[in-house]
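What follows is a pair of complexes built around chain A, which joins chain B in one and chain C in the other.
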Partner chain A sequence: MFSKFEEWYRDRHDYARAWKEKSSGKVFGCFCSYVPEEILVAANILPVRVLGSHEPQDVTEPHLFGMFCPFCRDVLAQGLKGRYEYLDGITLAQSCIHLRQAYRSWEQHVDQPFSYYLPHPMSVQSPAAVPYLREELENYKKAVEEFTGSKITNDDLDRGIRILNENREAMHELYKHRIGPEPKLSGKEAMWVTVSSTWIDKEEHTAEIRRVLKLIEEREMDRECGAKLMFVGSENDDIEFINMVESVGATVVVDDHCTGTRYFWNSTADDMNDRIEAIAKRYVERPACPSKDHPVRTRFPHILKLAKDFDVQGVILIQQKFCDPHEADMVPLRKYLEENDIPCLFLEFDVTVPLGPFRIRVEAFLEMVGEEDLF
Partner chain B sequence: MAKYKTEPLKCWAKAKELRDKYYQDYATAHERGGIRWTGGAWSFDAIPYGLGDDVYPITGEPYAASIAFNKEFSLKCMEATEAKGWARDLCSYMRNYWGSMYLNKYNFGGPYPKPTFAFQDHICCSHAKWYQVVAEHEDIPYFNIDVSVGPYHLIKDNPQKIKYIVDQMHESIEFLEKVTGREYNDDKLIEAVKTDMRSTSTWAKICELNKNVPAPLEEKSMYSFYVFGTLSKAKKEFADFYDELYDEVKDRVDRGIAAVANERCRLMSDTQPPWGFLKVFRYLEKYGAISVGSLYTFGLVGNWEVKKDGTWGARETYMEKGIEINTRDEALTALADWTLSRPEWQHFYDPGLKTEMMLRIAKEWKLTGVMLHLNRGCEGLSTGIMENRLGLVESGIPVMTFEGNMGDEREFDLGRTMTRIDSFMETLDLEPISAD
Partner chain C sequence: MAKEFWRWKEYNWHDENRDWREGKIVTSGVDVGSVSSQAVIMVDGELYAFSNMRTGSNSPDSAHNAMNWALEDTGMTLDDFNFVVGTGYGRVNVPFADKAITEIACHARGGNYMYGPTVRTILDMGGQDCKAILCDERGKVTNFLMNDKCAAGTGRGMEVFADLLGVSIEDVGDLSFDVEEEPPPVSSTCVVFAKSEAASLLREGWSQSKVLAAYCSAMAHRVFTLLERVGVQKDFAITGGIGKNSGVVKRLEQELGLTALTAKHDTQIAGALGAALFGKALVEKGKGRKK
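So, the complex of A and B:
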């Protein structure tokens, strides 16, 4: 049922090259989930989230000091190895310093016709954030227009907003099938869907979700659900890891990742006269990355609500090694969840993860989570 | 025989006294009915001065650096922070500071003095999170101003970027009035903004004097002076001290007084030094080498601009230019514009800008080479450092790197660093200078 998403996940570069050939359109690499894809879609550009490949590499050492996160190094490695050679442009929406370095090194060492650093407010809780981001998005829109040679009209923006919102809506509908005693899809399948949504043409992606939604109600799962878990952390597209977790008696039913719910959870208002302001509002109000979650920790109640709504029995806190924003949230987040009777397992991730030792820890965690059933 | 005359600086005692007074004033502020606040060295410290003359800050970075210098206490702080579950690779200043707070011990004696509020800027990933944790632990109100609007060359002609910061500043004043119950005084704010400009411009003038050969100051000593700009740029006593220091350093230049008697190799460092091991800088002297400063020492506090002859000099203050500041909004706009132009703020967005500034320093300060501290303790200032290394090497500047940590001595290997210095000196054809 999810084979198309698996194929898209696996053959991401082939898909983008084929899309480009078929549409004669342009493809932009997006560093971070804060890039306003509505504007790119409005300009008939395919936004593609740049992710790593989970392989050991030796090309980033001269460019990135070793204390920066494995994700940013893995991302840069893809550029230096020429795996995104089809990109017509790249954009970084400002979030953490780690990814910023990958972007700058990419910009400097990989030939790229268009590159844009989009300053994005870090104090998203300030009333000044939306008006400021509105202006920055206006500048970005102009830069894209200059690059493509085509004006982005309000109709174009309406189309961009509609296409993104439809995909978000479809994702929400799919996620509803992860609620209940017998989720209709595994965490691995959901990861194929959510992660691939960050680089597949949104209309095509939405159509495939809609096709699945017609069939999913009748689906008989050929696996036991086991303990229902939630993943929380930064970027996570590690299929090997989620597969391992789900092979030892668990199903991942929801997440708080920037390649997961944080990417699609909220929509852009489609009834505002000022479309750019509507987009700015959407990115300021979306579930926050910890780098932008201050002074109030808005993430925590949001994560707790997700955990409760999806009835999870435990949370795996996934930490990219050296990721300062998440490291600065992990201690109070764990305390907060445990005070709310949600047990947590903390795991530190690198480009590749030690599946054997992690399996033992996950199994021990699942035993602990299932303790009430045992005694 | 020594190549140059040298002599101790006369203002040492005053510098020490001022620094001690700063920390004691903070600790005892409540006894005098005053206000204590905490925040970063990057904070707009001029703004809280509008609450009155009895407002005392403690800035986290220099406080944590002073803890790092006290190795025994620093280890206890680190362990206290780690016992709470925090990662060892987080900012080591932050971990020292948190440890002092968790242990309820002040590095200068007595319990950790609880601040009334936290007031911070955000330019690196740790800034806002640091005081979020402090505010939660101490149960105090917290305000944070996001300044990450891009490098100055893109800011100065983009009013919306400055407006974003100024809007937050206005909001911060409402916050200060609310949490302290005091009425805000715009005249005091205007005065504080002017003092900030005076102190940071004067510090740049002092650093500029190090273009001279021999250099009148070496970087280890400069650390003891630049610190005032990190403690409080808007404090009148510190601005006055910089005026005195400028006069003394100028006098040293006029009389040919050197910081290092056998100066023959001029270097610069980068990022914060390993504070517990400043002897590294003394070790250089064995080779007649001197670190004359760095982008960090010059540009974290000092404010610079390109002069008509194309060289770097201190940025002219609004007062020197005859620009009047009469209202709150004008003061805040001036403060934002002034602060965001400081050199050390630029590299957060693009390592290319930092490489450019480093090459400028290498040329104008007549350097032989560069020592890059790959500082595991500060992700902010280590941002892009490997690209800086590549940029310098490609421009023909000899570069050595050494890995360490500004605030966590467990991540610094003194012996290995000395050996790397020996090798670097050898590549520069320098032998140790004989004692006789």
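So, the complex of A and C:
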């Protein structure tokens, strides 16, 4: 049922190249999930999130500090190795300095016609955040228009907003099938869907979700659900890891990742005269990355609500090694969740993860949250 | 052949004063660890027999060898078990096990049996990893933390030191206190780097005891930080082979400001004990093997 998503997840570059050939359109690489894709879609550009490949590499050492996260390293390696040679442009929306450094190095050492650093407010809770981002998005829109040679009209923006929102709505509907005693899809399948949504043409992606939604009600999983878990962390597209977790008696039913719910959870208002302001508002108000979640900690109650709504028995806190914003959150977040009776397992991720040592931790965690028969 | 100073006592034992045939539930736990393997046999939840030996290169063979040794002279065979639980890193490679359970859960349950229901923190210092485990009054894990990435502060590291210094592993603890004053701990906890550091200290004229004191102290400090992270609750106990090494245990107690509970059983069998007890619980819930 999810084989198309699996194929898209696996053959991401083939897809983008084929899309480009078919549509004669342009493809932009997005660093971070704060890049306003509505504007790119309005300009008939395919936004693709730049992610790593989970392979050990030795090309980024001269470019990044040793204490920068493995994700930014893996991302930069893809550029330096020429895996995204089809990109016409790249955009970084500011969130953390690690990814910014990967972007800067990419910009300098990888040849592509367009590169844009989009300042994005760190204080998203400030009243100045929306007006500030609005101005920055106007500038970005102009830069994209200059690059493509075509004006982005309000109709174009409406189309961009509609296409993004339709995909977000479809994702929400799919996630509803992960609630309840017998989720209709595994966490691995959901990961194929959510992660691939960050680089597949949104209309095509939405159509495939809609096709699946027609069939999913009748679906019976060929495995027991086991303990229902939630993943929380920064970027996570590690299929091997989620597969291992689900092979030892668990189903991942929800997440708070920027490659998961944080990416699609809220929509852009489609009834505002000022479309750019509507887009700015959406990115300011979306579930926050910890780098922007100050001074009020909005993500803690948001994560707790997700955990409760999806009725999870435990949370796996995933931290990319050296990811400062997430690392700073891990201790208070764990305390907060445990105080709310949600047990947590903390794991530190690298470009590759040690599946054996992680397996025993996950199994012991599952025994801790369940297995009452043993007593 | 050179003397193998790392060699700890391998042995088996069974309760000659009991007839296992009078028991109702006979279960076994087999802990195939990275360094040592144990098979424990329990009759109605009481320890009846066990073996403790070196793990070989093949997990199924190690499981069989440990089990055969525990069964020796008991008149019991594999068919007499109501349930067998495999644990340890080779837990899925125990051919005759009915279920595999992690050593984290098993050490908590085994620790609860060995030290009583007041134990809340168990430090399992195994062959190649350390686990700080918090548990409730039933021996159910409530939180845990494992060492990451390296084998420092584990049994294998201590074996390497025993060999380097030519001191029998069972004498390391006592000998490490034979110093006029406590030396600073070795700065490296990585087994390989600590070994080269120790070699330089010996060249500088340090005595065996002083080097051992420096290593035991470094090891105690390393596991102390692991315990600090999980949050130590009283009562506290140590399982695994290092639990028998007073050089580490006493230094750790000093850092913690706590005295570890002592057990009448061999601390190395805690995991297999817990596994056998889980087997009994499953049999009582009707989930046992059909005989």
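As a convention for this text, the second predicted complex is superposed on the first by the 370 of 375 C-alpha atoms of A that agree within 3 Å, B and C clash if a C-alpha of one lies under 4 Å from a C-alpha of the other, contacts with A are read in each partner's own complex, and residues count from 1 in each chain.
By definition in this document, contacts are C-beta pairs under 8 Å (C-beta built on N, C-alpha and C of every residue); 3 or more make two chains touch, one makes a residue touch a chain.
Not measured: the values here are computed from a predicted model.
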**Asked** So, does A:F65 touch the first partner chain B, the second partner chain C, both, or neither?
**Response** first
**Request:** Could you tell me if A:S291 is touching chain B, chain C, both of them or neither one (first, second, both, neither)?
**Result:** first
**Prompt:** Which one hits more chain A residues, chain B or chain C?
**Reply:** B
**chain B versus chain C as contact partner of A:E367, first or second or both or neither** = second
**Which of chain B and chain C A:P357 touches, first, second, both or neither** = second
**Request:** Pick one for A:P325: touches chain B only (first), chain C only (second), both, or neither.
**Result:** first
**Item:** Shared contact residues on chain A - chain B and chain C
**Value:** none
**Asked** If you look only at chain A, which of its residues touch chain C in the complex?
**Response** 343, 348, 357, 360-361, 363-364, 367-368, 371, 373-375
**Item:** Contacting residues of chain C [partner chain A, same complex]
**Value:** 89, 101-105, 109, 138-144, 146, 148, 278, 281-282, 285, 287
**Request:** Provide the residue numbers of chain B that touch chain A in the complex, in ascending order.
**Result:** 84-87, 89-91, 122, 124-126, 128-130, 132-133, 135-136, 142-146, 148-150, 160-161, 163-164, 167-168, 171, 348-352, 374, 376, 379-380, 382-387, 390
**Fill in**
As the complex stands, chain A meets chain B at residues 61-65, 67-68, 94, 96-98, 100-101, 104-105, 108, 117, 119, 121-123, 126-129, 131-132, 135-136, 290-291, 294-295, 297, 319, 321-322, 324-325, 327-332, 334
